[in-house]
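Next, two complexes with chain A in common: one pairs it with chain B, the other with chain C.
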Partner chain A sequence: MLEILIVGAVSSAIYAMLAVGFTLIFGVARVLNLAHGSFYALGAYGAYWLTSSLKWPLLPAALASIGAVALFGVAVERVFVRPMRSSQLAVLMITLAVALVVEQALFLTFGSEYRNVPGFVDAKVTIGGVDVAGSRLLALAVSVVVIAALWLFIQHTRLGSAILAISQDAQAAQYVGIPSDRIFSVVMGISAGLAAAAGILAGPFLSVQPTMWLLPIVKAFAIVVVGGLGSIPGSIVAALMLGYAETIVAYAASTSWTEIVSVLATLLMLVVRPAGIFGRRAAF
Partner chain B sequence: MPADHSGLSSPSLPHRAAVALGAAALALGLAAPPALAQGKPIRIGVPTAMQLQVGRDTQDAIKLAIDDINAKGGVLGRKLEMVVADETENPETGISAIKKLTADEKVDVLVGGYTSGVTLAQLPHISAAKTIYLGVGAASPAITQKVKQDYDNYKYIFRVGPINAANQARELTGFIANFVKGELGISKIAIVGENAKWVQDLVPVLKKGATDAGADIRVTEFFDTQTADFSPLFSKVKDSGAQYLVVILSHASSDTFAKQWYDSRFPMPYGGIDVKSMDGDFCDRIGAKSVGQMAANFAVRAPLTPRTIPFFDEFKKATRRSPVYTAFGANDAVYIYADAVKRAGSTDTAKVIKELEKTNYMGIPGVIQFDEMHDVKPGNASYKGPSFLLAQWRDGCKREVVYPKTQRTADFKYPSWIKQ
Partner chain C sequence: MLRHRLDLAAAAVLVGAMAVLPLVFPSNYLIGVLTVSAIYGIWAVSWDFMSGLTGRENFGHSLFIGVGAYTAGFLNTSFGANPWWSLPAAMVVSVLFALLIGLPTLRLKGPYFALAMLSGSVIMQRLMLIFWEHTGGEEGINGLAPLIRSQLGFYYFVLGTLVATTVVLLALARSHWGLILRAVRGDEATCQAAGINVTFYKIASLVISAACAGAGGAMYAHYQLQVSPQLFAVVTSITIITMVYVGGMGTIYGPVGGAILLVLATELLREFGEWRLMVYSCALILILFFLPTGLVAPLWQRLRGLLRRKGKDPLVPVAADVMEQQA
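Moving on to the complex of A and B:
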């Protein structure tokens, strides 16, 4: 029981970090960014490359990787997404193309083999008789801190208010002088950085290889559909629901059944309540 | 299909060493005096999964054998040359590769293969092309059963390696009975495998054999090859009261499995068939977290035959990698074919097949002979054929053969956190 609680919390935390960034850029810019999983992959590969090839210590490598991916996110928004933002379909296509290009680039550079991102902690922690890898607890702790910080940033800073304003009504926000394009760039950078951080934190205990972008985007998508596209609290609640649902299914039935949970949840939600739990209106 | 090789992926960059080798071979070919290059070259077609280490090693090992044979004057005065086609892990692409090699490139022999499903799909096309096929990667017994069922149409098919899955199952049962139960004195065992046809076929055989030998199989669990988090699985195994974990993994993320086993200091040793753990760099690439794990292999750098250590060293020198199992079969296959052609006095398919059937060759993993199904005969106490070895990862990411006893290079060592 305690084990389900802990393992579920770790899964949920990683999912939340992925989904919050994904939903943020949707809520603000109405961009459904299919390249979001690529940011996750690039974060992990960046940390891998800096630590293994350039022999950097892990912390600077992780921070540099997050920074670089955030810049890459800004570049993707500026170069590919912005010119096409009027058409949701075009944005979907271009971000999917970015995801595939990143995957191929990773294949060509690193090959198809699994790579290893070193963990910040190697120790095992025993909580109430349950053995948990230190790297998982760290992932949990960092996710909570980062998401809390993001929440404070959005609620209590000028830039955060601008982000909120745009997400509520982009046109009205522009009328009162909020530079929406610049805000979109900032949000894309934050979103990419969050995904990269999730990749680095999950890298030590999950797999790092070129197709690793696909599963996170499926999960993030499921979470934001369930939670309500564009809603940060919705994503967090849905991430917890999905993380725990998967863990419970894995423990009660079999690990072979976990992957179907997210897909079923997405389908059910779209049929029953297309706006999601916290969504104000259907996104589609 | 495993996640790491989607159909969308393109072939990876040719390995630098392979390029260097290729260039060297080309230079050698250009510089060769015309007297040596009489007759047109004998063409070896190589259908393999080029993106994977199994595929790269197949090519590099064939190249080594070809260069060696050509340097000694070729076969019947003819040079050997290699043509490669990417069969990926997709049957459709695999069939195209065979068609390309036989119809367009008109090769004399095919050496390659990895995924059993692909090889099985290729068989009718190989048979239609009446081209000899020396398999070096796929383990399904169904492949060589075709030879028995319909000799006239499938006599072209041989398996140089690895020993087939049915024999592997028998050997793994022997490992549980003789080693885990017999030597470690552990009878409570868990079996965990990926959700794939060959594993589902293998597990009942294994379970029955182990139970007959007096082992107590506490839990049997399958998981999806996409599974990334093994905590629930580990928890089930632990709760079952098992004390040894037998795994059967091929396309699943063995890397993640080993990492999570180590990270949680899982309180029991594990070992079994783990195809990715056969890779020479497996331990290094997961930060030495597999130390203590045992994985089945067909050869490691140990004096199994007079050819084993020299081949490992030669391969490492040429490619800067440790070879995986396809390399042993591929290298041996070229010599076996060359010998058969020499004995037959021509590349005439029917004559060469007759000679191949008489093969008795000192190969890298053991003596290579074929049974009536053209399948490589596995070794046993009285016959030094290729064996099913269980090698344990040790400190410094070195490997030692622990089982069977006859091939043992070191005694088993428990992972550091497990008290005996």
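Moving on to the complex of A and C:
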């Protein structure tokens, strides 16, 4: 029982980090970024490459990897997404094409084998008689801190209120002089950085290989549908629901069936309440 | 009228060339490539009929292809059914999947349909690997019986199916029905205000599209004599969408040209080895930037214009012409 609680919390935390970035860029720029999973993969591979080939210590490697992926996210927004913003289909196509290019680049440089990203802590921690890997607990702690920091940033800084303003009414925001294009780049950078951090934190206990970007996209989509497209609190609540639902299914039935949970949740939610739990309210 | 005759002539030349080519250069390799290009043609037109006309992007066409192929695989190997049963069975199962995903998502606006199709195909691929006891896992199902023993005979069957599918879908697209689908892409709210049951038309066109894709999947399974989870891969869907893009979205005949062109081009890329998909993805980005209206259909429209001017045909706009230009 306690095991379910802890394992569920860890996967929820990783999901939340992924989904918050995905929903943030949609809420602000109305961009559905299918390359979001690539940022996650690139983060994990970046940390792997810096630690194993260049022998960097893990912490600077992780930070450098997050920074590089954030810059890459800004570049993707600038070069590929911005010229296509007029058409939803074009945005979906171009971000998917970017994701494929990233997958192929990873495949050509690192091959298709599974790679190991080192964890920050190797020790096992015993909580109430349950052994939990330290890296999982760290993932939980870091993602809670990061999401809380993001929340404070959006609610209490000038840049944060600009982001908030654009997501509420993009046109009105432009009228009062908010440079929306620049804000989009910033948000894309934040979103990419969050995904990269999730990849690094999940790396030690998940498989790191070129096609790892696909499932996160599916999970992020399910979470965002359940929580309501563009709503950050919604995606946090939905991430908790999906994380626990999958863990419970894994323990009660078998791990084979966990993959179906997200798709079933998506379809059910679209039938019952398409706006999502927190949809139709203010975006944040 | 001339417009029609020119179109017919071009179609006849293309089909004739496709039919005669393996007789002139009798090689199994060439027949194989042409068969694959015809199957991709079926997939591309069926994608275009739903997504090109209504503007609802389907990012998981591979779902229908894979489902059709696996239906064929199970029927043929586990139940020992006659291979010809695969085609109708694959169509039925694909249609069921189309309803399962289409009914919840297509009544909504927004990107739900595109993403739900993508998720559906990803999860189906995972399930094929997870339940490997039943599906054969990475290996898939082997030892399917061919539909027609002779390779050339099978090629002509696939080519015939491609022509029939294209003709039927083109006729539908130029009919009242197609007009409604295009109108849905233009302005859904106005269509609803005009009393059109928008959701019905969208789901019906998805069902038609899925049936064609499923049949194509079954043919592919009986051509390869095996099915593998790779059929569900996102790359399969993207390849098809790229073909439609190259062909010219919403023109129905364009994607057939795009499919044949790209399958032949892919064969030329063979020497790139594992760089092939990289080249392909980069090409896709370049196409999105520099050829947003496609290549095949716009080229043909320009060529037809030139030919028509030579024939001194008075330029009377035909309804279908106007529709095509908007497409």
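In this text, the second predicted complex is superposed on the first by the 280 of 284 C-alpha atoms of A that agree within 3 Å, B and C clash if a C-alpha of one lies under 4 Å from a C-alpha of the other, contacts with A are read in each partner's own complex, and residues count from 1 in each chain.
Basically, contacts are C-beta pairs under 8 Å (C-beta built on N, C-alpha and C of every residue); 3 or more make two chains touch, one makes a residue touch a chain.
In this text, all values refer to a predicted model and were calculated from it rather than measured experimentally.
Colleague: Which partner does A:71 reach: the first (chain B), the second (chain C), both, or neither?
Modeller: neither
Colleague: Which of the two partners, first being chain B and second being chain C, lies in contact with A:270: first, second, both, or neither?
Modeller: second
Colleague: Given the touch rule stated above, what does A:204 touch, chain B (first), chain C (second), both, or neither?
Modeller: After superposition on chain A, A:204 lies in contact with chain B alone.
Colleague: For A:262, decide between first (touching chain B), second (touching chain C), both and neither.
Modeller: A:262 contacts chain C only, not chain B.
Colleague: Output check: A:92 vs chain B and chain C. Expected answer is one of first, second, both, neither. What do you get?
Modeller: Only chain C is touched by A:92; chain B is not.
Colleague: Have a look at where A:124 lands relative to chain B and chain C in the superposition and call it first, second, both or neither.
Modeller: first
Colleague: State whether A:132 touches chain B only (first), chain C only (second), both chains, or neither.
Modeller: Only chain B is touched by A:132; chain C is not.
Colleague: Return first, second, both or neither, reflecting whether A:107 touches chain B, chain C, both chains, or no partner chain.
Modeller: Once the two structures are laid over each other on A, A:107 reaches both partners.
Colleague: Between chain B and chain C, whom does A:11 touch in the aligned arrangement: first, second, both, or neither?
Modeller: first
Colleague: Please report the chain A residues shared by its interface with chain B and its interface with chain C.
Modeller: 100, 104, 107-108, 214-215, 256, 259
Colleague: In their complex, what parts of chain B are in touch with chain A?
Modeller: Touch residues, chain B against chain A: 3-6, 8-10, 12-13, 51-53, 195, 221-224, 226-233, 235-236, 253, 255-256, 259-260, 263-267, 276, 279, 285-287, 417.
Colleague: Residues of chain A touching chain C in their complex?
Modeller: For chain A paired with chain C, touching residues are 32, 34, 80, 83-84, 88-90, 92-94, 96-98, 100-101, 104-105, 107-108, 214-215, 217-218, 221-222, 225, 229, 256, 259-260, 262-263, 266-267, 270-271, 274.
Colleague: Using the touch definition from the top, list the residues of chain C that touch chain A in their complex.
Modeller: The touching residues are 55, 57, 59, 100-101, 103-105, 108, 110-112, 114-116, 118-120, 122-123, 126-127, 130-131, 234-235, 238, 241, 245, 274-275, 277-278, 281-282, 284-285, 288-289, 292.
Colleague: Quick check: in the complex, which residue numbers of chain A touch chain B?
Modeller: Residues of chain A touching chain B: 3, 7, 11, 100, 103-104, 107-108, 111-116, 118-119, 122, 124, 131-136, 204-207, 209-211, 214-215, 247, 250-251, 254-256, 258-259.
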